[in-house]
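Two complexes follow with chain A in common, the first pairing it with chain B and the second with chain C.
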Partner chain A sequence: MSEKLVIKGLTKKFSKTDGVENINLTVKERELLTLLGPSGCGKTTILRAIGGFHKIDSGKILLDGKEIQNLPPEKRPTGMVFQSYNLWPHMTVYENMAFGLQIRKHSKAQMKEEINEMLKLVRMDGSEKKYPGQLSGGQQQRIAIARALVLKPSLLLLDEPFSALDAKIRGQMREELKRIQREAGLTVIFVTHDQEEAMAISDTIAVMRRGYMEQIGKPEEIYDNPKTRFVAEFIGEMNFLEEGGTSFAVRPEDITLIKQENGPYRILQMMSLGHYTQAIVVDNKGNEVKVFMEKDEARLFAADDCVACRFDRKQVFAA
Partner chain B sequence: MNEEKKHLWIPYLMVLPAFAVMMLVVVLPILNTVMQSFQTEGGSFTLENYQYFFTSQEAFNSLVFTVIEAVSTMLLAILFSFLLALYLRFSKSRISRVIGRLYLLPRFIPGIVAVYAVMNIIKDAGFINRFLQLFGIVYKPGLLYDMKGIILCNLWFNIPFSAMLLSAALSSVADSYVESARDAGCSWWKILRQIIWPLVYKDVIVAATFILMGQIGAFTIPYLTGPNNPKMLGILLYQQVNTYLNYQRAAALSVLMFIICLGGAIVYIKSNMKEEVWEKGK
Partner chain C sequence: MKRLYYGLGKRKFLEWILLAVFLLFFYGPLFHMLTLSFAGDYEYPDAVPHTFSLKWWDYILSKGQMVESIGTSLVLAIVVTVVSLLICLPAAYAIARYSFKGRGMVRLSFLLTNAFPKMGIYTAMAVIFYKLNLMGTFVGVVLVHIVNTMMFMVWIPSGAFRTVHIQQEESARDVGASSMRVFFKITMPMAWPGIVVASLYTFLGSMEEAQGSLLIGLPNVHTMPSELYGVIMSFPDTAGAVFAIILLIPSILLLIVFRKYLSAEALSNGFKM
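Showing the complex of A and B:
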């Protein structure tokens, strides 16, 4: 796969502590890269810098081998979808979609064909005459994605596009986005603070913290081998424990409970979370440990049982 | 009698004070004025009071003068305040924040104080004239006792007022509306015309009608800064009452001014009632 977007030494400071510094990032053709991090980590700043909405202090942004960092947004071949208020409320779906095509002076027949094709891709055909106010939040975001795609952007930028939607729709939209990306062969940069969302849709995740890249890698790589304690804490569930003076981390699914009278842990609570069960066990010092287990296995345990824990996979972090 | 029925009269009781005041100071005087405008001093029916204003050259000149002044004030105030509101909405600089806090200040200065202050600057022996004299330049602005003076002073009051209305309207234009338009390759001019204007034009009409109607009945500013002839309708009315003591003619003029303002009211109500398709169900 060839390189689609290369960012070299990008710096954008709003104040001494606020902003991003010396960011290096490569996005490959047809890849979906997620910038993941807590709010204020600079993920949106990077996205807006790529889209041209922030003038950067220094660094280079190369898209398809061309430097774009000095171009205004209207001259960049990127398409952006925002968190909300994406569609122009006074225009119909069709007018929203046609807006950019009119600027590019496409013929009416051509425009109609392209818009129809895009609406089919996002499964919203038949909604041409509706106004944004008549659509649900999820439908509006589909149209917003279609409106960006109809202009054939070289790179699609999504700024927390699903965070205003409720959980169920959000899940559906993730699958939709994945499908659209596959069918249209898109390169996408996706910004989110939701680690579950990032794990679900990404080819590559870049975990950010306070303006820096903490770790870049495939979702499973980041989940299985987090480089820092921050990444370990931020992605998925993690127990931080101490044994014999050394501290280590264990994922809840990497712990096996063993029934043992006078065992060092006592089960505080069993909670069924659908397809698996979560147990919280506590030692005599009051340290709580979270354990995930299969439903069948969970039937063998009850609250107040004394147990021992077997840690199948420990990880150690420097800081 | 059940509980609900017992308290049926409470809403009426709450409306009554406002309603009584309305009747007393608005409806009754209007009816009285309309009646008086069709009467002679002796009380018999006549159209002479109206005839006077349609045949008198002075009255006609004053009408033209008032309309030109009102329309100019409206256009200039809307233009300046729209630009100001756009700047306040879309600039994130410190200057914009400071102006954002200060621009309403003129509204808090008593009208007459402000008018005298402006007069002291622009009159022929005022600040501009004296300041330039320091450099040996003799310049008389010629703004006072002229339509230009009236317009200038009115802009002082109307720009902040209309900027306030338009700022509120512009705050409904989300950043992402503008940013997605730029992303689609749209120029600033086109964004203004196709994205911002359709979302705020109704409020511009509302601000414009308010300004226009205010000018039809304006008194303080034209009285202090305007010329003797032709004059604004407000001054003409004042003269009918206080100089000529011709109450019937004053009543007729009042009715005429009321009819002009009614036009503004119709435009205002129409633009407020008209709901675009996209606004339905909001």
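Showing the complex of A and C:
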């Protein structure tokens, strides 16, 4: 796979503490890379810098080998979809989609074909004559994605596109996006603060914190081997424990409960979460530990049972 | 009357009386003016003329200067509206979109012209206009009118621009539109109701403006309202009535055509601080 986007030493400061500094990032062809982090970590700043909506202080942005950092947004071969208010309410779906094509002087017949094809891809064919106000939030985001894709962008930029939607639709849209990306062979940069979403759709995740990259890697890599305590805490569930003066971290699914009278832990609560069960156990000092187990296994335990914990996989982080 | 009172019930009856008083208050003078304009034989303080005719219409329409003033007023109102759109829309956009030092002051400064007694400002302007040779010129009158309309023309469109989300403009840039195209194809159409309302106020305001036109425009520029002063002073009531009705026609036509834009929302958006 060849390199699609290369960012070298990108710096964009809003104030002394606010902004991103010396960012280096490579996105490969047909890759879906997610910038993941809490709000204010700079993920959107990077995305907007790539799209041309922030003038950067220093650094280089290379797309398909060409420097684009000095181009205005309308001259960049990127397509952006925002969290909301993407569509123009005074235009129909067709007019929304045709806006960029008209600027590129496509013929009417060609335009119609391209728009139809794109609407089919996002499963919104037949909605050409509707106004954005007549569509649901999820449908509007589909149209926004289609409008970006109809211009055949070299790189698709998605700025929390699903976070204004309700949970169920959000899940559907993730699957849709993954399918569209596969079918159209897209390179995508996706920004989100939702680690579950990032785990689900990404080929690569870049975890960000306070303006720099904490860790870049495949989702499973980041989940199994978080490099820092921040990443471990931010991605998935993690217990932070102390034993004999050394502190370590362990995932709830890497703990096995063993029935033991006078065991060091007592079960506080058992909670069925559908396909698995969550137990919260507490030691005599009041430290709570979260444990995930299979449903069958959970039948052996009840609240107030005394247990011991076996930690199958510990991780240690420098302070 | 008694029959009506008991037939309707006390509450309904009082409501009807109130409505009648209201109608009389609002439409009475208008109706009176209308009948007077078609009077043939009329003596003050009669309510209704003795005979009806079109003789005062003939009279007004035969006065060259008055007919001319109708044209002058219409042209003036159109020029004032267009010029203040050109001046104020960019200002309104800047105030809506960019946060810069003293933005609040800039907004308030448009209110200032409306806060002072008009005549004071006009006399001050007249002094400057004398030096610039703008007294008695069309350009001078246009400037005076714009001073009046600027607040509406900046505040209302500015409120309308603020209802356009920045993402909607950025998406348009993203698909390849230059900033000019974004303004004319995305921002303007979305802010259209606010712009229409502001233009309407400007047009009507210019149509009825008299003080400034009198002071700056005379003796060369005669607008309908400034002529109306003369008509009322030196001709019978009936002539004034005819002229007033002519002055009313464009306002009423505009209000009917653009009534769907005249929402409280468009106005209140403009006055949010």
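By definition in this document, the second predicted complex is superposed on the first by the 319 of 319 C-alpha atoms of A that agree within 3 Å, B and C clash if a C-alpha of one lies under 4 Å from a C-alpha of the other, contacts with A are read in each partner's own complex, and residues count from 1 in each chain.
Here is the rule we go by: contacts are C-beta pairs under 8 Å (C-beta built on N, C-alpha and C of every residue); 3 or more make two chains touch, one makes a residue touch a chain.
Predicted model, so just to flag it, every value in this text is computed and none were measured.
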Quick check on the chain A-based superposition: chain B and chain C, clash or fit? clash
In the superposed arrangement, does A:Phe53 touch chain B (first), chain C (second), both or neither? both
Using the superposition on chain A described above, determine whether A:Pro89 touches chain B (first), chain C (second), both, or neither. both
Which partner does A:Phe14 contact after superposing on A: first (chain B), second (chain C), both, neither? neither
Quick one: is A:Gln134 in contact with chain B, with chain C, with both, or with neither? Answer first, second, both or neither. first
Considering only the contact definition stated at the top, list the common interface residues of chain A for chain B and chain C. 51-53, 72-74, 78-80, 82-86, 88-90, 99-100, 103-104, 144, 147-148, 151
Quick one: which bits of chain A touch chain C in the complex? Just the residue numbers, please. 51-53, 72-74, 78-80, 82-90, 99-100, 103-104, 144, 147-148, 151
Chain A touches which residues of chain B in the complex? 174, 176-177, 179-187, 190, 194-195, 198-199, 276-282
In their complex, what parts of chain A are in touch with chain B? 51-53, 72-75, 78-80, 82-86, 88-92, 99-100, 103-104, 131-134, 144, 147-148, 151
Per the contact definition, I'd like the list of chain C residues that touch chain A in the complex. 165, 167-168, 170-178, 181, 185-186, 189-190, 192
